[in-house]
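Shared between the two complexes below is chain A, which pairs with chain B and chain C, respectively.
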Partner chain A sequence: MRGLGRYVSLFGLQLRTSGLLAAQYRWDFLIDGALSVFSAAAALVPLFVVYADERRGIPGWSFEESLVVIGCFLLLQAILEGAINPGLVAVIEHIRKGTLDFVLLKPADAQFLVSTSRFQLWRVAGLVNASIVFTFAFTRLGRWPSAVGVLQMAVLVAAAVWILYSLWIVIVSAAFYVVKIDNLTYLFTSLFDLARWPVTVFRGALRVVFTVLLPLGLMTTYPAEALLGRLDWPTLVASVLGAGLFAAAARAVWLRSIRHYTSAGG
Partner chain B sequence: MIRVRGLKKHYRVHKRPPGAAAALKALFRRDWQTVKAVDGIDFELGAGECVGFLGPNGAGKTTTLKTLAGLLHPSEGEVRVDGHEPQRRESAFLEKIMLVMGQKQQLLWDLPPAETFELNRAIYDVPKDVYRRRLDELVTLLALGELVNKPTRQLSLGERMKCELVAALVHGPKVLFLDEPTIGLDVSMQVAMRDFIRRYNQQTGATILLTSHYMDDVEALCPRVVVIDKGRLSFDGTLASLVQQVKPEKRLTLRFASPTTRAQVEALGTVVKFSAAESELQIPAAQVSAVVAKALGTLPVRDLNVENAPLEEVMSELFARTAADTRSTEAVR
Partner chain C sequence: MSLWRPLKVLPTLMRVGFAESLAYRAEMIIWVFATTMPFVMLALWSAVAHAAPVASSSGRSWGSAEFVAYFLTMFMVRQLVSAWAAWEINFEIRQGTLAMRLLKPLHPVWSFATSNVAAMPLRAAVSIPVLVVLFAVGAHRQLASDWRLWPLVPFALLGGWLIAFFANVAIGSLAFRMEQSLKVMDVWFTCFFVFSGYLVPTDLFPPWLRAVAAYLPFRYQLGFPVELLLGQHELGSALRMLAAQWAWALGLMTVALVLWRLGVRRFQAVGG
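Let's look at the complex of A and B:
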């Protein structure tokens, strides 16, 4: 990679372009806002159902603590849909139409260019929903997260974003080999929806899958535990290292895949 | 500037006959075949040359251009562009080249082209003062004016293509690969694009490799042509020698002061087109003076014109010969 400063300014310019596009479609703000409220409500309803009967619930997690997990889920969902999905979904279309040519012809890192090519800025509404859920949960708990807890949570959310991004890069890379990967993206979105539950609801093999292969625990449960002040440091370190591994693997897959680009059309 | 040695690009694609049964069978067992998009070609381009790269559809033109631009990895052979190996996609290489494709666009659809230009400026790290000067020149040369500030989706095809050229040239590439840059444009826009490409070549000394199905583009821009057919080179030389080699006969157009019969015209040579007021003949180059003298002496000629056969005819003759050669080679095997 050439000078970091150049990439920072490129990132700013790509963000500005997305801002200009967002300003062109002002109605998207209202639609996205309404959708995010609906999506937050959809995320909360199952929790109310589970905790409606006092004898049920998720072992080790009170209603309020589970709400913190949902808050983390909404936060990650906003980042995924606002910053990760738009650019990478566009790549699949670029590969299909052969317009990825223009990205690969540029003297800048192709993975960087496609990843920052588009942001759905109105999805920031999802962050407001997450804040409301956090405030409601901690008000009912009668205590607030410590500074260390918030810091740990910030680090874990960054690691989770990196893992989500890396998984997306691997999925997008599949488009270099098979033309239609829509089903894979739906599967990924459906699996991500499971991150609204504390990882302890899964048992046996599923628990292993959702901790190691698709680390849902790392994405929402661990950040929630950090905010609740009960995360141990080794888990935090392991999560950051795991995120690093995912990122390195995704980079290797991407670099290998672009060699298979056949540039459709013409 | 450009050197291609023994370039091959082969693809392995699966082959499936039509029909439901074949589709079902293909789910379990696939038959594969190798498509030889480019099958061992050699050519060189010197700095500042503008060369036409011609061939019928599916001949391997675009595959070669994409390989030269570093988008595709060669299956075999060696490719060098200004000393670089394109498939390595080094920044120093990518900063020097550009591939313009008439059928694909890089402009941001919902924003004015000026936004794409600015993005490219940042990506290519072009200093702002150089960028402004270059952009002013390009916008003036292409007579774009305020169009660069209108959303791309509101521009006509021709206006968009001009803006695509600007987007492709903001970094001042030394090597330009143009793949059908005038496709779909009306005649006046084609002329404007040709003028622009010629001026860019003359003013910047850029090396240009151009593919086009419009022979007018080639005649106007390329003193030299390289012809590819079925992945192999079938000609490399000047346009004049291509015509001389493939269709050396001249075209004699005669316009008459009074109606003439077909038999009178046929007495002079092979008739290509006939009407009582105007006829076109094909005659051997060596007999031009004799035939013209005879026409002036025997027919009521008002005006006449001698020229080479149209390039379209030359090319189709060449492609037909290559196809016949391939068939006879396969028959011998």
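Let's look at the complex of A and C:
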């Protein structure tokens, strides 16, 4: 597998470039980090208001359990906005300007190159936020997740990242057809915002949509249930299989759309 | 800013703006999909209110019907009282294309304003399905029953939009002086989501948090028009809120125009 080795070293190279870029803008790094703590705290306000009166709450979820969901959300958000979104912005820019040619001409897979082109390392702050929320929630619960639970959660988070990445590829593919879509990242993040709450708040058809079609439930609710030690194995297996299906479909869409690309160069 | 010239060219600018909004309709649809947060919050609060209505500290009781009316109205009002000039201004300053606007014999703030306002018919059109749903599920019964409140609605919507727009211009103007003006916008938005009533009706806030919200512009931008439409205010308190809202609008307008004036002196387009 010489090909794989080449891609691993390419990945390392791209990550290093982003690291150097982050080191260049140190103040940005700090300010962005501070802002992310601020917005994470602000996002907790609705939950505090919901549970301000202990007689009310999200059915089936205590305050601490909902916090675990939010912790999973912050974790995934950090990955999404640190590793997935920046590339999305870059590729939309390429398509708009017609400079995607330079990527396509390179002797490596185009999807790989655009996906790894940019990382925002300050999003690590999001991981810190997530761990603060987790610590707070589990301290209040008075028990810690089991090893199996943590393992299950790790698998589910990996599956969630895989799905997010696939959704991202589908969205980028749309950029080949409709060009002026700087708003796409905004759409992506705001749809992802749905995952902030346990999927059980949605009822009926919406619940099906957010579990199967746009598997937000899988992304945050299931990992949280795994940490809380109440996830059953079939759900886990189904989630991983679903993620695989998602990825395959996204790759197909990407390959189709890239044929549609007409350069704007001159 | 003289008023006569803008009024003369306003119809043309509006036509241009409307044509622009038609041309970028796909982008607008995406934006609308990105503002579906009220529906999510509706789901959350309905789940909470499922067992028993939620009682606010002011004594109002929020059942499912109240939440449906609140968040559907919230969605529609959000379409109308939003502005995006900060991004436009920031982009044009960075790219130097602001020079083209400065050459025109009209204050650029007017052209930013008209391009925002001209997109409204299309944005309002997007709300029609939501309005239909509002009536279909019977949530229209929650709308204000006191007819004296209705004449205030257009002013409340306009006041809300003015707050949004001039906050945008003020923050956009910071781009003349600082690299990261859009980060200020992020902070603004974070506060906006919390304090405007967008995620949680301010009525449900604990009293101290509601007191904080009363001193910030966000609730006047979005929460107040919604509350007014739902008849949550008596005429007297509605008028007081309206006065506070317009005070914010005029205050922000002053700040925005001053910041613009101070900033534009430093503007240097990179010629080509």
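Throughout what follows, the second predicted complex is superposed on the first by the 260 of 266 C-alpha atoms of A that agree within 3 Å, B and C clash if a C-alpha of one lies under 4 Å from a C-alpha of the other, contacts with A are read in each partner's own complex, and residues count from 1 in each chain.
What we mean here is this: contacts are C-beta pairs under 8 Å (C-beta built on N, C-alpha and C of every residue); 3 or more make two chains touch, one makes a residue touch a chain.
Not measured: the values here are computed from a predicted model.
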Clash or fit (per the criteria above) of chain B with chain C on chain A = fit
Have a look at where A:W197 lands relative to chain B and chain C in the superposition and call it first, second, both or neither.
-> second
For A:A249, decide between first (touching chain B), second (touching chain C), both and neither.
-> neither
For A:I58, is the partner it touches chain B (first), chain C (second), both, or none of the two (neither)?
-> second
With the two complexes superposed on chain A, say which partner A:V240 touches: chain B (first), chain C (second), both, or neither.
-> neither
First (chain B), second (chain C), both or neither touched by A:A42 = second
Looking at the overlay, what does A:V170 touch: chain B (first), chain C (second), both, or neither?
-> neither
If you count the residues of chain A that each partner touches, which comes out higher, chain B or chain C?
-> C
Kindly classify A:V128 by the partners it touches after superposition: chain B alone (first), chain C alone (second), both, or neither?
-> neither
Once the shared chain is lined up, is A:Y186 touching chain B (first), chain C (second), both, or neither of them?
-> second
Minimum Cα separation, chain C to chain B, after superposition on A (Å) = 6
Show which residues of chain A both chain B and chain C reach, each in its own complex.
-> none
Taking the complex as given, what residues does chain A use to touch chain B?
-> 2, 6, 9-10, 13-14, 17, 20-21, 24, 97-99, 101-102, 104-108, 113, 259, 261-263, 265-266
Along chain A, where are the residues that touch chain C in the complex?
-> 28, 31-32, 35, 38-39, 42, 45-46, 49-50, 52-53, 55-59, 178, 180-184, 186-187, 190-191, 193-194, 196-197, 200-203, 206
Chain C to chain A touching residues, read off their complex | 24, 26-27, 30-31, 33-37, 40-41, 43-52, 54-55, 180, 183, 186-187, 190-191, 193-194, 199-200, 204-206, 209
Footprint of chain A on chain B - complex, ascending | 11, 62, 66, 69-73, 89, 91-92, 94-95, 97-99, 101, 103-106, 108, 110-111, 115, 118-120, 122-125, 179-180
